[in-house]
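The letters A, B, C and D name the chains in turn, as written, and every chain counts its residues from 1.
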Amino acid sequence: MATQEQCQVLDQTQVGPRYFKLTLKSLYISTNAEPGQFVNVRVDSGTEPLLRRPISLHKINREDQTFELLYEVLGQGTELLSKVIIGSKLDVLGPLGSGFKFDPEKKIAILVGGGMGVAPLLPLAQQLKTLGGRAVYALAGARDKSCLLCETDFAELANEKVVATDDGSHGRRGYVSDLLLDLLNNTVEARHYPQTTIYACGPKGMLKAVAEIALQRQIDCQVSLEEKMACGVGACLGCAVMTTGGYKTVCKDGPVFNAREISW
Amino acid sequence: MVELAGIKLNNPVLVASGTFGYGKEYADFFDLNKLGGIITKSVTLMAKEGNPPPRIVETPSGMINSIGLQNEGLEAFLKTALPFLAKLEIPAIVNIAGDTVDEYAELAKQLSKEKTVKGIEVNISCPNVKKGGMAFGIDPATTKEVIGAVRKATTLPVIAKLSPNVTDITLTAKAAESSGANAISLINTVVAMAIDIETRRSRIGRKTGGLSGPAIRPIAVRMVHEASRAVKIPIIGIGGIVTGSDAIEFFLAGASAVEVGTANFVDTAAPLRILAEINAYLAKHEISDYDELIGAFKE
Amino acid sequence: MVELAGIKLNNPVLVASGTFGYGKEYADFFDLNKLGGIITKSVTLMAKEGNPPPRIVETPSGMINSIGLQNEGLEAFLKTALPFLAKLEIPAIVNIAGDTVDEYAELAKQLSKEKTVKGIEVNISCPNVKKGGMAFGIDPATTKEVIGAVRKATTLPVIAKLSPNVTDITLTAKAAESSGANAISLINTVVAMAIDIETRRSRIGRKTGGLSGPAIRPIAVRMVHEASRAVKIPIIGIGGIVTGSDAIEFFLAGASAVEVGTANFVDTAAPLRILAEINAYLAKHEISDYDELIGAFKE
Amino acid sequence: MATQEQCQVLDQTQVGPRYFKLTLKSLYISTNAEPGQFVNVRVDSGTEPLLRRPISLHKINREDQTFELLYEVLGQGTELLSKVIIGSKLDVLGPLGSGFKFDPEKKIAILVGGGMGVAPLLPLAQQLKTLGGRAVYALAGARDKSCLLCETDFAELANEKVVATDDGSHGRRGYVSDLLLDLLNNTVEARHYPQTTIYACGPKGMLKAVAEIALQRQIDCQVSLEEKMACGVGACLGCAVMTTGGYKTVCKDGPVFNAREISW
């Protein structure tokens, strides 16, 4: 169940060169949202840009009846979003999609975030902590230091946290998939693989690399995908992704899919 | 209550094929029984996988789609989508598409057995499939063939959905009328293209797609007007309708009802808001019935 | 320096007919000699009064115009507009429109005597006049007649400006090519209509007008691509170009040059800005000449 | 000569229910503008709305190198304009058009403004005062009290100022054309008509009424017209108005025309 709601903007803060954090009020969304779900935001009341913009739920604060979005200004839509002022209302559709799944048998969770991909992993980490009884490893990669987001948040929520940047300006130099390989070679040993789930979100190339690593080792792996969207509710079939069972919708069947299902 | 081509509509605001699924997806957001009626996503005889992604791209005040009529085929439609529509109190109009004339006829025949189905909209104007689709709807002769065959296959009201990608819309409109269509709906999307200047490839999975949304409204209003003067059967106006004022433009141009398409993506409440805005306009101008507006455009 | 259909252009960014007057109006804002070339407002044999106001109305990301080819006729053009164009260093391409085939030929003949005129763009696609205009450009046979007659009347490069209001642009494109056009330009405006729901009248003085601007760009890119695969003569892309990226889309689709229209109204610096943006793209991608982009769309 | 300039927004003040005053910086425009001219303002950097919005020059402050616009929020364009913030830049084209003309023989000037039509009359009053040697009468009409603009400004600049409102909520009840008739019957006597110029700006119906009054009495009359515009510089022929000499452009030949010229 989702709602279309005029949510009050409680906060809008710039958290990096082109990164913003937006806090919105909604009893319904904060109560019903699950990690991995997203909202579809109307950034303009006119016709330009015409379509809503999908943004993952980044924090879900049930007590405050608020939720947060973490986003990067890429084009016209996110540019307009970044200009939304505190106190105004934003037209939000959500919570949407099918989020991360939890298997009580899996005692090890490896979170792999690339760039903005960390956004939906934070509420996931929170949830895993609440569920308890799991070892949580958080791996985050970014182009450079200024693009590395929520490092401290993850430090609080995960048992272990490792970061990498493409240029080595912070953490290790390299890709987040390298961090994953390291972890799987050194820390999470092969005998743990059956109890492990990898949760990944980030650019398509990175997801593919992570999925390959996981599939080779037969480790359970959930990936959060992105596709251009129109409706966000499964009505237009615009956000198709090819799976072993034919085209599925990222907005309704996903955005979180089992990596095995995707025709990479 | 509005009667259109023998179909009893709740009100003149329907939802356009392909933009509202089979209804279920929007049931979260409002009471579907408040709609004038639902036009389903196109149904084909056999399941269609659809086109490769990306399937949509935004353009100025519009969007291009290339879904490729993805659907699970008639059998699955009857089993999974129709029961949901059966529970609603508003008419379900099923939009059909085929690769051949026979497929259209077969679809019409089988759907006629279902009492939930109150009308058939014949999509001869989809620009996003290789075979059939728009090819039928840009030529008056093939328009006649398809509509004639559907006419023979069913006693249900038949709505011919026309393509705007023609030199003269009155020719296909007349062809549809003369071959037995009870109404005409237009416009379907305009063939369009957008190129990614970095990859040098199309910004959608296939080369071209269909342009919809407010950008095409002025083209749609013109075509509805032209068609309405060429035929006697009622016309359903479609194309970029976002507000009640837009819908009224279509009524004045000659439409007896409207379908809301792309606007559903932008505002889930669009059809009901549009209806409310139409009613507010009627009240303000002390017009007792919206049908006084139909074709009331002053030359 | 770019050569297009035998015309030496400064660069591939021209200004579109009817959106730049005869050049003078924009001389305040920048050095006109930086343009690729100027295409004049349509010139007719006799003066044309033009259509009743309102002549323009805004629509989502576009506008409808119904100017009706207002101009003072050939004689006045030669006396007052041409001397200004003669002083520029860039080629003046004169856009002509006629009510009859003979008028087109006569215009071409008389303009050929002027050494300032470097090419003739034949407007067979204006939707805003009762006689002639678009009627010529939606039918391959009449397209051939007009272009053939102009071809015989002049040795200047002939550019056929095509209408998008057709089922199949390749037919008129081929007709223009086979009757001797040296290049094709497209698209002219799309026939459109907007109704004032208070007065119930058209929002422009005549019933319909021509839709231009970013809204129609995806339609124009598609048509340029289709035409470019059907003919060998070069194509000038027109339709909603606002940025360098838009222009590059047209190059990739198959255009050898572009014309900037409605964007001139929004930003007087549009053509030069677009040119600078094209050059920045070329530099960034280390492409030595923009002509490497022409038709480089990957299917 | 006109310029396209990014003008700094020095002030934006709401001056009535839907009325705003905008102060912009421009050496070029403030130096070159004449009363009756206008600027064409780009209200959005995207494509919606696409076209610029023409607004009359309301104050021209040559010393400060600034100019002011007085405008009413009617639709999307002026709505966006009213949200422009102080300190930002606005893309302005101007000064455009042909303004009011001054004949040294005409010793009496009657300014007739309806609604927003008062906007270009204020710099006119200023100019007339500067030119000197004239009796200036300012007549202003509006729907109601809240719509009556710049009353005090005119009081300072004009020898006499009379106002009317349609509903009688301020000044006299009635139309501004009634005020004109009164003035012509009682104050400015028939023998003064040859030395008089009426300057009028407002809704088309009002201008027509004023023009008729003037033409009947053979009083010189200049009217400022409005038409939908695209280019604003005479290039598109979109803003045509029928005159005795055929269609002319409001943006270049006008907006100020001799009332005799117009085919009403």
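The criterion applied here is as follows: a contact is a pair of C-beta atoms (placed from the backbone, for glycine too) under 8 Å apart; a residue touches a chain by one contact, two chains touch by 3 or more.
Heads up on the chains, UniProt names are A, D = Dihydroorotate dehydrogenase B (NAD(+)), electron transfer subunit.
Computed from a predicted structure; not experimentally measured.
Asker: So which chains are sitting against chain A and chain B at once?
Answerer: C, D
Asker: Using mean C-alpha positions as chain centres, tell me how far chain B is from chain C in Å, no decimals.
Answerer: Measuring from centre to centre gives 34 Å for this pair.
Asker: Between chain B and chain D, what's the gap in Å when you average each chain's C-alpha atoms?
Answerer: Result: the chain centres lie 48 Å from each other.
Asker: Please compute the C-alpha centroid of chain A, do the same for chain D, then give the distance between them in whole Å.
Answerer: 56
Asker: Scan chain C for residues touching two or more other chains and write them down.
Answerer: Within chain C, residues 60-62, 213-215 contact more than one other chain.
Asker: Residue numbers in chain A touching 2 or more other chains?
Answerer: 47-48
Asker: Once you draw an edge for every pair of touching chains, what topology comes out, line, ring, star, complete or other?
Answerer: Looks like everything touches everything, fully connected.
Asker: Residue numbers of chain A touching chain C in their complex, please.
Answerer: Listed in rising order, the residues are 47-48.
Asker: Sort out for me which residues of chain D touch chain C in the complex.
Answerer: Per the touch definition, chain D meets chain C at residues 1-4, 42, 47-52, 91, 93, 227-242, 246-247, 252.
Asker: For the complex, give me every residue of chain C touching chain D.
Answerer: For chain C paired with chain D, touching residues are 18-21, 25-26, 28-29, 41, 49-50, 52-58, 60-63, 65, 67, 70, 213-215, 242, 262, 264-269.
Asker: Going by the contact rule at the top, pick out the chain C residues touching chain B in the complex.
Answerer: Residue list for chain C touching chain B: 59-62, 64, 138, 165-167, 190-195, 197, 199-202, 207-208, 211, 213-219, 221-222, 225, 240, 245, 248-249, 252-253, 281, 296-299.
Asker: Once bound in the complex, which stretches of chain C touch chain A?
Answerer: 60-61
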